[in-house]
């Protein structure tokens, strides 16, 4: 499974992809995580890719994706054409306006107000990525929930584990509602 | 006449390049702003001006100015600038650089150019760390400062860049911080007008790099810190010897302004003497 | 320190030796000996340098300035 | 009759004496003073590492001084020495090199080492010229002097290297000449005995490649001039820039106590090792 | 405070920039004194530079290249140029690139250790397509090695010393006369292709004195870079007009060019995230040389009438002299020898070597190193002939007798 | 016709310049000439060697293979190169600086007081010019006129006279030695 | 070299687990496993992460990390440290690697064991700072002046960054020479799983120590032993041409000749002991087409070979783990039955030139520059085009 997280620097894009990769490794799978960002530290374009597989991974920077998580308009516009037909698109609906013309066929689209919920529920916009993570994983079952929890608590700054895990569970909840 | 009416931005900036890559509240933009206004004030002929820089966030500045620019290798900006100035002495040469570029890898070129006294204006944005590569320790990081390569606190004493420039022989040296933009602008203006090597050190916030790791998260925290921890030269000089010793603040202001023979002028004399018709 | 050395050596007796094959005839010893103990000789060594020669050893107070100034380790002062 | 043996021959690689410095060159005097200083404070040369770069004065330790020696690339001895000192703080690490090496091509390493206050003793032999390559202008060559690369006249002012090192933050800085051998020797002893970065600029002579261009043809001429032009730092303090023009300020320019780099570095390491151990014990 | 007054400089005779004409050329010849001179290779390089129009030199003392800087420090002020001794070799290349961008032909000279230090900025010159000439008077390495001894150990470094993919031109003179001639060529090629050109001399030729005849103005071509043909506001510094060689705008003439060592688009502005821009740029940097190889490459063929049993020798630089001598002896003894002397080391004359390989059974490659051009010959010959290296290090030339013996099978 | 000359000395004795002047004179004689040198890193006192090849043909290999003439002003130089002189060749040494022992057979041998002569003229620095004078009169490898002119153009203006004297003194020294030798052989 | 107590403690606490980490980080951990005592570096993308992690972790293992004023100084400092007996390392990328060239030559000339990590990025010059490339392959071989030989290894995964950096230290000590780990921005900046073994699985060889100072730079040995500073042996180390005792002799031709030939041949004659390749031959041996690759490019290349075989095509595959000295015997052997060899690499054909010298088959470069590695499909299509 090839997943791309894309957005601005500062949205926790790279760390999200890292957490997914790490969870996969904890599950005993093979995983590669890769990132790209511009010269600026904050506010620039940024993306994080994860490839999860049961066997050896040969493709280092794939061209097409199974899953795209788009957190900004430019990220959506740049990368949604690269989704494989039938792929999954998850986006922050307050930050992205979709355009049918750009999208490949038969994709599954999910839009949530991750940033908004993060701010309203937890007082911190930064945990939007955790909401997305929980949401995405529930939809796709990319990694086990236990591994995801472990990876999150080991990857976020000390003292914020609880909040991040709660945000992730919020995402799971949202997914549950959405799927229902 | 028409150009004059324009905003400073329209007049000097390369429109395709702006907005910049700089992070929110980064001090480099302020420095550019001050520099452009200083240039405007002295009515510098922009066609006859070359902006030179090395590698680092502040070295990206020449790319934003609609003028000749040379973005060089890490630490070497002053050497390229030396070549330009000597080959075409009628050009105004302005070097934008950062603390790591100028005094870290390029420290030797810095002191030698100051000694040589070549007519150029060196504007150094000192943000206490290597911002572009991800907040590593720089030669100006304060003692105890946290950087990605000093995770346990810096144990190296930092450079006082201005003192070093004076020690190396620079005839014009000024130090300001971006919280004093008018003074910064005036210092740059004086520097451009100075015949000789002019060095202007500007302490500027790097909220994403140094700030974030040292409890100066917001640009404004950083600026307030500079305000609190600096003291004007004239005020400092009024202190008693004892107070001076006890004072751990950064002394800012025009720190040196002397006249001494300038390299290209001296070379010009030498050529006139030995030229063979 | 200079004074103490001078004092220490003033007391003992001394012997000045010049190592011929080390000398490069720079004449620093001749010039800067406070008591002008040395003189230039007309003897060339194999490298073509004129050697210094001690004219009046009794004059020497053993201050060791020549020994220290000699760039060649060619002067040895012995105190006993 | 066997030739007499110099008492300090124990400190030099005797098999390759006489050394190759030109007649009247100051490098020999510096070597002489240095061996005296080492003997004087009873340093064990087995516990010393001498580091040098490229140039005539770099030959003082390499090959002549008998200790572990690192003869490095041009301008980089301080950087090499940093590696040695950091891993073996128990050894006395001395850098002896010339003005072109230390302050010309290697100027950056000099100011950074001074800033770090790493426990090195740097003895810079300043003969105001690139001697080994045949007399090119150095950053320390006074303005107006004709050299092979400034045949018409030098248009650059000379570095006052010791002053620069003070500005860079060194904890001990002194300047002497090859005429002032006794205080030089004493200063070297101070430098090697104390902790922290110490720097001595030794004004020295190069009759062959510098002297003959300025009318000082022999070592003696230089020493006379050093004697005349030298002025003690305490006296110089009260004088103006113009009055000091053309004078050589000698003496100790700065001597302050600051935390030493390697000591601090080792503290960090010791703390972290202990923290990790504590972490393990907690788990156990 | 003294304010700046730029007029002093412009009123002065101190005027290093272009242009260049017959009067200027003849003035230089007059300053050099006489038509026939007896000078060192290093001096001949300096003379060649002056005749080619070089008016800026930045350098740092290093044996055995120092003389070039010394001679130019004498002469440049007399012609209104600049000579500056920088704080190191890194700074020297920086300064000549700056000077070249400001409209002056510029040069530096060094030897192995300095050449190693220069590598980063040589890459910068290649990337920014800045014309400049770098003289490497090779000495025995690695590291400090034998400072006063000649060698040919930096041949591969000249091509591969800086990181990343790039092409440049390197020339090897084998006489003092050629030191002068090839320096003029180096400047011409550098201006023509907007590229750093390396002159690979060595400690032996650099320090050897020989007869040199100064050329007449009509005997030589002096090339100046391609200047902008489009209006200032339409000008882009890295546009490919089909020739793959960009026009060069000079600082201070109002073109507002931005030059960077980062990957850039045609406008000169950074394009560090664009794969196509990088590919286009770097491919063009390489192709502008590869596609013009036939115009750039020079060799000298001294071939027998061919046929079976002939031995080929490929040589370059000072080693060619030993080979010339050996070839004379061998022919006197009735042996067939084909000698290919390489003048352009980079780009490597693969076609010419291949042609030689087709004529002979084996090719001997004598060099003053442990087999560097040998590798290139082997690659170019593609198995058509046996390639025999002849190594020599330690600062001495190949003795002709050694080559003779090897050809006769007794070496 | 090719003549290979080798000068050996300590650095500072001026043999490189001697080689240059000799080469220039050869060029003025309308011959080809190549001059090379080698020396250690020290400016003074190290081993120094200067070689000149003079020929009326192209000179490919620029190094001396078998010297026609060796001029030695230092003991180590003499010891190293004395045996490499061609049979029938010439050896010229400074009598105070070189102890020649038994010179190799079959070569003309001259031991002359070059340094002392220069000292007598008032400056050691002209030793090399004294040497050139003698080399000219002993070997005749270049013409006296052109050599004298080359000396003149290579020395500072204010020392011109001194050098001219040194050259003629050297020339005389050599000429007398040749005469003496011829007499001795008879 | 035996691991000291602090490193044993560190490894026993960190070892025996699987981690998910960057290639750069794996390289840093590998260095600690290899007993690296000293690291000196200077910030540069994409190698900064090595320095950052070492700054964080090396002190915990009792080692020392310093950031020098430039790359020249970093290279100098690790050589200085090596002569005190330390295992030392630096890490950089293209521009810094260019600056280090002079002191790398010094390391070769003085036979100083040390490790240089070059995380290659797109050049020339500053190029694309954050983008991977393999453009420094020939620079690693020829970057410093004068005749020399070099050892360089190229990892193709984060795990190999961890493993090969340890091998680099071993090779450096065995052959007493600087060894280069030629990573690329791709393997440096991907995160993958890395197994860090238990302490008991870590093996080190000791540096050879000479008995007499006279033999430190030669004597009878092809690879002489060292004597470290502070032993009272008066070791003399110089980058100038020197005798076996270390004493400088810069004018005697045979001294230089013997020294350089020995330094050259200690690697050349041990080629077979140093060189490592990985081959994956077509199961039924019928291949006429081969693929040779290394570093990050070898991953998509291998993927493409598998894909082609799955389509019934016969293709052989060889991966160079040791880049220098070149695996000439292995490559010649590999090429015997092949008509054509494809060489995917992230440059304009640097390794292809080297391969061309030793094979009779046609060598075709599959170049890729501009910061995006080959895709499996791209190489697959090239393979299908020639099979």
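By written order: A, B, C, D, E, F and G. Residues from 1 in each chain.
Assume contacts are C-beta pairs under 8 Å (C-beta built on N, C-alpha and C of every residue); 3 or more make two chains touch, one makes a residue touch a chain.
Keep in mind the model is a prediction, meaning the values are calculated, not measured.
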| item | value |
| --- | --- |
| Of all other chains, the one whose Cα centre sits farthest from chain C | A |
| Chain pair, E-F or B-E, that carries the greater number of C-beta contacts | B-E |
| Cα-centroid distance, chain A relative to chain D, in whole angstrom | 59 |
| Between chain G and chain D, distance of the C-alpha-averaged centres to the nearest whole Å | 37 |
| Residues of chain G engaged with two or more neighbouring chains | 59, 69-70, 72, 95, 102, 106, 125-126, 129-130, 238-240, 250-251, 372 |
| Touching two or more other chains - residues of chain C | 24 |
| Per-residue multi-chain contacts in chain D, two or more chains | 21-23, 73, 105, 107-108, 112, 132, 134, 139, 152, 265, 268, 271-272 |
| For the chain E and chain D complex, residues of the former touching the latter | 59-63, 66, 69-70, 73-74, 77, 83, 85, 87-88, 113, 143-144 |
| Sites on chain C touched by chain D in the complex | 1-2, 5, 17, 19-22, 24-28, 31-32, 49, 65, 67-74, 76 |
| Touching residues on chain E, where the partner in the complex is chain F | 36, 38, 63, 147-149, 204, 207-211, 318, 321-322, 324-325, 328, 395-397, 399-400 |
| For the chain D and chain C complex, residues of the former touching the latter | 3-9, 12, 17-19, 21-29, 31-33, 36, 178-179, 181-183, 185-186, 207, 218-220, 223-224 |
| Of chain B, residues touching chain E in the complex | 14, 16-17, 47-48, 50, 52, 62-63, 66-73, 76, 78-91, 108-109, 112, 119, 172, 190, 192-196, 257, 259, 264-265, 267-277 |
